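Mind having a look at this structure? Questions to follow.
Labels run A, B, C and D following the written order; every chain starts at residue 1.
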Amino acid sequence: MIVNMSDSATEEQIEHVIQRIREAGFQPHITRGTERTIVAAVGSGGRRHEIEALSVAPGVDNVVAIAQPFKLVSRQTRPQPSVVDVAGVKIGGEEVVVIAGPCSVESREQLLETAQAVKRAGASMLRGGAYKPRTSPYEFQGLGVEALKILREARELTGLPVVTEVMSTEDVDLICEYADILQVGARNMQNFALLRRLATANKPILLKRGPSALVKEWLLAAEYLLSGGNSQVVLCERGIKTFETATRNTIDLAAIALAKELSHLPVIADPSHGTGKQSLIGAISRAAIAVGADGIIVEVHPCPERALSDGPQSLDIPQFERVMRGLSAPLRPVLAPTLHLARA
Amino acid sequence: MIVNMSDSATEEQIEHVIQRIREAGFQPHITRGTERTIVAAVGSGGRRHEIEALSVAPGVDNVVAIAQPFKLVSRQTRPQPSVVDVAGVKIGGEEVVVIAGPCSVESREQLLETAQAVKRAGASMLRGGAYKPRTSPYEFQGLGVEALKILREARELTGLPVVTEVMSTEDVDLICEYADILQVGARNMQNFALLRRLATANKPILLKRGPSALVKEWLLAAEYLLSGGNSQVVLCERGIKTFETATRNTIDLAAIALAKELSHLPVIADPSHGTGKQSLIGAISRAAIAVGADGIIVEVHPCPERALSDGPQSLDIPQFERVMRGLSAPLRPVLAPTLHLARA
Amino acid sequence: MIVNMSDSATEEQIEHVIQRIREAGFQPHITRGTERTIVAAVGSGGRRHEIEALSVAPGVDNVVAIAQPFKLVSRQTRPQPSVVDVAGVKIGGEEVVVIAGPCSVESREQLLETAQAVKRAGASMLRGGAYKPRTSPYEFQGLGVEALKILREARELTGLPVVTEVMSTEDVDLICEYADILQVGARNMQNFALLRRLATANKPILLKRGPSALVKEWLLAAEYLLSGGNSQVVLCERGIKTFETATRNTIDLAAIALAKELSHLPVIADPSHGTGKQSLIGAISRAAIAVGADGIIVEVHPCPERALSDGPQSLDIPQFERVMRGLSAPLRPVLAPTLHLARA
Amino acid sequence: MIVNMSDSATEEQIEHVIQRIREAGFQPHITRGTERTIVAAVGSGGRRHEIEALSVAPGVDNVVAIAQPFKLVSRQTRPQPSVVDVAGVKIGGEEVVVIAGPCSVESREQLLETAQAVKRAGASMLRGGAYKPRTSPYEFQGLGVEALKILREARELTGLPVVTEVMSTEDVDLICEYADILQVGARNMQNFALLRRLATANKPILLKRGPSALVKEWLLAAEYLLSGGNSQVVLCERGIKTFETATRNTIDLAAIALAKELSHLPVIADPSHGTGKQSLIGAISRAAIAVGADGIIVEVHPCPERALSDGPQSLDIPQFERVMRGLSAPLRPVLAPTLHLARA
């Protein structure tokens, strides 16, 4: 970390910073410029927050962190990509994984019909919400344990592993009995009590990026899981909040490429929440794979206009089949370079 | 709610929408324009999500909600402002309330010294974190129950009611024993499991706005508390995530005025998290009061550069005293209108 | 447009709105709900702003626009996609177009070397800045007319049509002499004086999306060009400003799919400005094509670390060749659906 | 500036960076840590962009700028605040200045009536648009020179100096004849051709912050004016684009305090564009003054619901009078610290 002294810093103030860096367990290293002095805190065993707090010491202009703050999730710790095995489905391997299913489990019929249809169309995992985070208390909150039982039945019927969201530490044990991978929703990405509990669960975790989370913060949320003992983590980009309102969120596909550059963890994309619009899901699914995602998770409902949640962004079965076919279509060709110039 | 048919919608598609509006428990009301048809869903007892999901029905362009989705928190439900009584301190009354104290309780000495100092300077409530939500698992996570005991001691020593954050449903009962008002942190604003649990707690709740929450979503989070049985809710604006990085967050003071226009709940401001910069806290505290906030909550530490968390945005004691004095200074006068025009 | 009366609106206030809708050239159409009344302004010839302004009339809650405000750029006006011919290179046709070259023209040697290299690697158009919009007045501002002459020479040498930015109405005539398509930079997207001037230029326009422009505002900026007489417009998504700082901007690939859904104009992507990071450009280029972009524009420099501008996001020649090869690689295959479920 | 080498950087790569720092006109200063090496570029006469571009040199992790990039606008250059004299009205002095008037000049009657009314209510300057930047080409674009003549008449009638927007370099001379201070609109904040032209105008400039401009970028836009010869610059915060849609923009009042900390230039606030809502303008005007703004600029129209532009955010005359009275009301008092604690 680097402490930048202000132009008017006195020798005494510089000396104070040097002293504090030593107390924090680092070695100070001083660079005197023509205009200002900078003091680097060198070493790896010190207490970073004490250096950060020097930003308010007299004569200090600001403090800049150099190194990335995450460790176990980093590519520097583990250069080869991690593969997470979800009941036999490998996420992060040579092939991309498609996870599909309804936003919410609404009934036995709805889920079993959807599960069989998405399997037929090529999905390799089933999604379905039992406990739903809803913006309003007056909206459908999920069927709870009844939904979990239906999910298990669908799993047995189709052989598709199941992902479902966990919203509370108190539900972790129960959901672990039914699901093959537990989802942490975007709004809970920094629910640290939940992350700490899931770090000791014996199931993989699908960690969605929060709507206002930096890539760095997302990776640090994953670091809670790995440092607590659970290294079976799949990251999921599902769009961030921006000023654009034509889409429900702005899906940040560059963040997928970046997360894979910084971390060894697999990363998937959620084009349903990422766009909120049926008509864009096929294009974004293809783009996610092109950018390097290890899979996609999409919402499918037998009749989106009757869905109890997320109808506007759910695909019906024929639409999902079209999206699946699109995933194996080749990219549009590049115009061959010839002598183009028109004569004036 | 209003369903806008696309220009090319057929009679059959319009009829389908009309039918679905009836099924959802509303009365349909049709307006045929020169270019397009709109169908309003009229009534109050229907199922809104079924109308929302019509956005994917054939021939439908989009669906627009008209009415605000919150009820109990609304000014329309209760025109007069609510006053929340926190162990004798009234938030939302004629005077603004100042809550001050360290980000984290670090030791008995640190907290007692701070508590006495902020009381002397004019604070009427004490803040201090026992359980800390930290971006990285390697940062100081709070002293937990030990901190709660120290907070109780400070409360007895100074008479200041205590606010502290609750991060998990499992801690609610314990924290209720020690605190006078429980804080829901910004990152937990949509931790609905926590909100539901707090709705049945017998303590007031300080509900921070999430960093990417619309004012509407913030009020709906409060609606979870009120609809669950706890009407002792204080809202707190603490800055939102934007592209600006010169401040830690962008404090949205207009949201305070707007929340007070839409809701009867008291609203306070957190200039410490809202700016992340010591030097701006005095100005933003004044502005928050000018805009109509019912109070402010600020971080104070005997020695910010040694704080275990949030040092850069913590005031030391003399700085806090200056901020307090600033709160009663008059506004700068307006230039009196005279004939200004200089002759060329 | 729809005027929503508040719950407490009086008959007199409703009557006033009805009267004003008539005065504005629309027919009023009233829907009386159980809680509130809505009045639609029906027709196409009226003055929209007069209805918008009714949001401040007494008894009015808000005003909602239904129809999209753009006309000539809309797919509804012209369902088939437009193809823009830039000196023989067709943008919006069956093949995607690659535009490459340095951020700034720095010297004859630099540009000619780059132009020949990008042509060899498969680019079909050349970019290069002569007049540079720079955040600071102390940064390199471009070589101006000297750069234009070098661009012409590169064009003659390679046969590649040339795109360069125009920053001022006063430069339009001059640049039209040298360039095959004129770029409006992101920061000038709503420089309406410039747009009006370019509407009468006889060259195609590459219109970049502004860093805080809604897709709707971007299309309305294009509408200035079309309504003024220039229909040869190519849109370019180059990233928007968000809270994420790990990338220079957040490239909004869904906006490309959306713009192509709403408009008949061709759309290309700028992964260089969209990410600001060399290492992400290949992945985002592929993703842009997968999402439906009609081309990409990338910055290439013989020696990025010596570039006078945008070095960090410029590719060197071998990197550009790799990006080009990546554009024709197939998408990663989808995991075939088999019976995955591991036995516990 | 500081160049951070990656953990795996070789001696050769470090040597290359050292060499390039020398070539760029700085002295290199090396700090070798346990994990990584950092190289500072020390000195003031070097070429910054060459150091920035080193971020893509082999073995380099990233490059961090230390010093602020602006000079003439900085408080470090000129510690005492600047006062800008606009035809006798001093902005930045001991009193706050209120600028009021319609969004657009629509007619002689409308402007003269408004000018007299705002003067009576206490405004000391008149605003009014002659050339209007409008999102859509189909909206009212302003009366142009006719509006300028009406503004001059209002100026003579009331003695109020006049501010109006300039959108194009070609209009600068003309508008200088009529206006006392020229406004650069938010969308033109980085129209560098316009800024360069205004740097040589003999009138003060009101420079609005762009909707996606960092405070740093805003100050650099002002630096274009000062470095080009015009030091009569007033900054204006008018709200930034964020995800919140309940207000038209998010007014960033902390940016006012920050701009005044970093720069000696006067700063005013625009609560009309900053909120887009009549009902919030009074509260935000007070807050702007409390935070340290040197003035406010507000839109006033005799009949907002008939305004040709910005009706929803325009005050009528009685509302403006109320806002003016609010500016001199005292701040709400702070609850006095007494022994509050309720006995359980």
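Just so it is clear, contacts are C-beta pairs under 8 Å (C-beta built on N, C-alpha and C of every residue); 3 or more make two chains touch, one makes a residue touch a chain.
Note that this is a predicted model, so its numbers are computed, not measured.
Looking at which of A-C and A-D shares more C-beta pairs in contact, the answer is the pair A-C. Among the remaining chains, the Cα-based centre furthest from that of chain A is the centre of D. Spacing of chain A relative to chain D, judged by their CA centroids, is 36 angstrom. A separation of 26 Å divides the Cα centre of chain A from that of chain B.
Inter-chain spacing, taken between the CA centroids of chain A and chain C, is 28 Å.
Of all residues in chain C, those that touch two or more other chains are 212, 240-243, 245. The touching residues of chain B, counted against chain A in their complex, run 20, 49-50, 52-57, 63, 69-71, 133-140, 167-171, 187-188, 190-194, 210-212, 217, 220, 223-224, 227-228, 240-241, 278, 304-309, 311-312, 314.
Listed in rising order, the residues of chain C touching chain B in the complex are 2, 4, 7, 29, 31-36, 38, 40, 42-44, 61, 64, 66-67, 76, 241-243, 245.
The touching residues of chain A, when paired with chain C in their complex, are 85, 87-90, 93-98, 119-120, 122-125, 155, 159-161, 212, 214-216, 240, 242-247, 250-255, 257-258, 261, 274-275, 277, 279-280, 283-284, 286-292, 324, 327-328, 330-342.
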